[in-house]
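Dropping the structure in here first, questions after.
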Amino acid sequence: MTDLGAMTTVEPNLAADREETLAVEGVSVRLGGREVLHDVRFSIRAGEFVGLIGSNGAGKTTLLRVILGLQKPATGQVRIGGAARAGRGTAVGYVPQKIELDPDMPLRARDLVGLGLDGNRFGIPMPSRGRRERVTEMLHAVGAAAFADARVGTLSGGEQQRVMIAHALISEPRLLLLDEPLANLDIRSEQEIVSLLARISKERGIAVLISAHEINPLLPVMDRVVYMADGRAASGTTGEVVRPEVLTMLYGHHVDVIHLHGRVLVVPGQDDEPAIGSRDDTHVLHADPAAPALDKAEGRR
Amino acid sequence: MNPILRAVFEPGFFTSAPVRVALLAGGMAALVSSVVGIFAVMRGQSYAGHALADISVTGGSASYLVGITPLWGFAGVSVVAAAAMDLIGVQRRRGRDLATGIVRGAALGLAALFLYWGTTSTSTTGATITVLFGSIFTISGSSTAAAALLGAIALGIVAGLYRPLLLGSASPELAFARGIPVRATGSLCLIAIALAVSLSALTIGAILSTALLVGPAAAGLRLTSKPGLAILWSAVIGLAATWLGVLLAYDSYYWPPAHQGWPVSFFVVALVLVFYLLAQFGRPAGTRRDKAVARQAEAGA
Amino acid sequence: MLSGFMVNTWIVATIVAVVAGAVGFFVVLRGSAFVADALPTGAFAGAAGASLIGVSTLVGLGVFSLLGALGIGWLGRRGRQDVATALTLVMMLGLGSLFLSFSGQYASEVYSLMFGEVLGISVNEVAPVAFLGAVSVAALAVIYRPLLLTSVMPALGESRGIRAARVETLFLVVLALATSMALPVVGALLIFSLMIGPPAAARSFTDTPALAIGLSVVIAIGTVWAAIAASYQTNWPVGFFVGALGAVWYAVGRAATAWRRSRQRARAASEHAGYARQAATVRT
């Protein structure tokens, strides 16, 4: 029985000066008598765009909370920029899952973004021009300048998402975590947010970890993927991880992977189908030349 | 056996007429409040219930001015106030407390005015203390039947609307989809609450009115997840707290410092709080709560 | 009305309004109207207890409103917030009725402490009120940013290391301070009305938090001045006017919000029409 940990590809030793922004090392978490995370290990380097894929209950939010320092792991540790995660600081930007903002609340988009700079500091606030300019620059960078002075609670889902991203980025974190940011967006907003994040990640050298239950919106821009099921994780490039044998091991029952026009579909198989390895498991419909494009990431590097 | 009984029940307890009235009136108020209170707490309308109790006292003081039976002042004004709160939108979760507070502020202001008009400066203090700390056992024989009728109506409303109210409180959308008039049932529920608290405020005072509406119900909801059982627990706790309170107040007649007995309000409220805390903390660890925490973690992942 | 002995009233009332307007902004933001209502009401038990042991009523009020704030915070973390507030409130009221049954002498101050008394402010009270007011405002300024962030989005605050429970406790303490110092003029029962009416209106007129606080303070000051003037003329209790004006401001706020929303919808509709026209021209 192959150890799942071993299926995590060892990163090829690229430029050694690209430090590990995030290292998750053998993290396990027990909640209420259940093991919610089991021996999760992966790492992300600066400027990498990594998707954390898994359905509800797979453990994505718990993992994010561990990285944020809000949940203590039973075993293992998390290191940010090489240092063990001791307290909470601004090194990690975070966009939470549920954004419920009261439309009657007098808080503009730029006010919320401003709070990203110093919202955690006690003490009498002193307005400064430099602060104002940084906020404006950030809002421009995420494409939110048009509604900078509107109440956050009245913005649409996609607009609020941009504001949240600006809030998370303005303190110049090295790592950006997003918890299911695409969940309630229409397709166009989804694409816009994904390309925005990819651009920011490359331009500013920020490591981005974005959790989602659907892999396809992220396929075009993901460098690597961390695939989770039942508290277990497998990480590597999409070509390495999104394979029937890996996912079957992860899920604990037979899984098929179907490629269609450059997209991928992960489908639970039947129990009475022949065992893995006895046939060609990578089903390709229409002899799709786009199938190898799944490893777009490899070509990019 | 006899000396113990005599120590617990001071002589004359069961033969004293005021005690019998207190047990009967208090018991009736406790029963109605604790049953209706289940719905008040479930719907997050504790504040509304408290506000209505004080408002009904306002109605009571107004009725002295106008010269009608206090009962109709209590009940009538509180029902009107309930309708006003409902109109302003007490049923909506957001901004609900704000609306309740505003109505209560306006009503208390009116109470101040009535007290000013209706009393001379020397007796003002007595009336105002009654307003705030009102521990009134003033119900007369003729009003008992009317009060019982109001209580019966309140119970009748929640009994008749039992299932729609349960569903509507848990999930308004589900209820709406099944054709339940969510808004109308909610308004009727608020009126039932108004009747229950005004009945209590009249018989046992405004403080106990709120205490018996919220405390036993909250304890009952903590002890079980089955609504019917919660109602039973709530009624039992409410009655126990009230009757024990009356007993203790009677027994305290010779206690220091004033040797006039401690007020019933104090004992009942203290008992309600004790029962609530027992329900809160008395549950063994590793049960439902931990499972709920785990479930939450799952759902978030 | 503006003669010498009333000056103290005006000064104290203004200080009270400033604090109420500022603290009230957060009360409305956090939906804590019940807590703001319960604290001063329950604090009465403290006043009764204070007179029992011969301490100044202000101290009794302060101590009990602090105890109430802590009790609400503690219970609220372990159960429903509104249940916690209700039970803490009735417990304090129960204690109050107990204290009152021990001594009958507290009674004379009750009416003015409950509903406000225009003539009751002596020059001795100005200094302590000013001091408490300054402390309240300063404390609010110090916790302003974390309080704003956790009130708006607790998840964000959490991720940045703000412990919501601690900030909430601090806020409740400030609220307790504000309510206990405000009693002399406005009266305990109506101080919360000053904390929710003006901010409810202010938030409808401006999008910026700083401006909303400022406007809330201005409206609160106006309310208190109008209430005192009216009470002076008619002899009716100050609390009545505060309660009534609070309701008026709330209504004004609701109307302004509704008007703003209908204008937004009209603008969105005309933008839509603009797009449709654009699309039509493109197609042709």
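Chains: A, B and C, in written order; residue numbering restarts at 1 for each.
Rule of thumb we're sticking to: contacts are C-beta pairs under 8 Å (C-beta built on N, C-alpha and C of every residue); 3 or more make two chains touch, one makes a residue touch a chain.
Keep in mind it's a predicted model, so treat the numbers as computed, not measured.
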Revision key, fill the gap. Contact-count maximum falls on chain pair B-C
Exercise for review: Kindly work out which chain lies most centrally, taking the average of its C-alpha atoms as its position.
Suggested key: C
**Study point:** Inter-centroid spacing, subunit B versus subunit A (mean Cα positions, whole Å)
**Key:** 50
Review point. Cα centroid separation between subunit A and subunit C, in whole Å?
Key: 42
Check your understanding: How far is the middle of subunit B from the middle of subunit C, if each middle is the mean of its Cα atoms, in Å?
Key -> 25
Point to revise | In subunit A, residues with contacts to at least two other chains | key: 97, 104
Practice item. Please list all residues of subunit B that touch 2 or more other chains. Key: 94-95
Review point. Among the residues of subunit C, which ones contact at least 2 other chains?
Key: none
Exercise for review: Please name which positions on subunit B make contact with subunit C in the complex.
Suggested key: 41, 44-47, 49-50, 94-95, 97-110, 112-113, 115-116, 124-126, 128-129, 131-133, 135, 207-208, 210-211, 213-215, 218, 222, 257-258, 260-263, 265-266, 268-270, 272-273, 276, 280-281
Point to revise | Touch list for subunit C against partner subunit A, complex | key: 29, 141-146, 148-149, 152-153, 155-162, 202-204, 206-209, 211-212, 257, 264
Point to revise | Footprint of subunit B on subunit C - complex, ascending | key: 28, 31-34, 36-37, 41, 44, 78-80, 82-83, 85-87, 89-91, 93-98, 100-103, 107-108, 110-111, 114-116, 187, 189-190, 192-193, 196-197, 200, 235-237, 239-244, 246-247, 250
**Study point:** Interfacial residue positions of subunit A with respect to subunit C in the complex
**Key:** 68-70, 87-90, 92, 94, 96-99, 101, 104-108, 111-112, 115, 118-125, 149-152, 154, 167
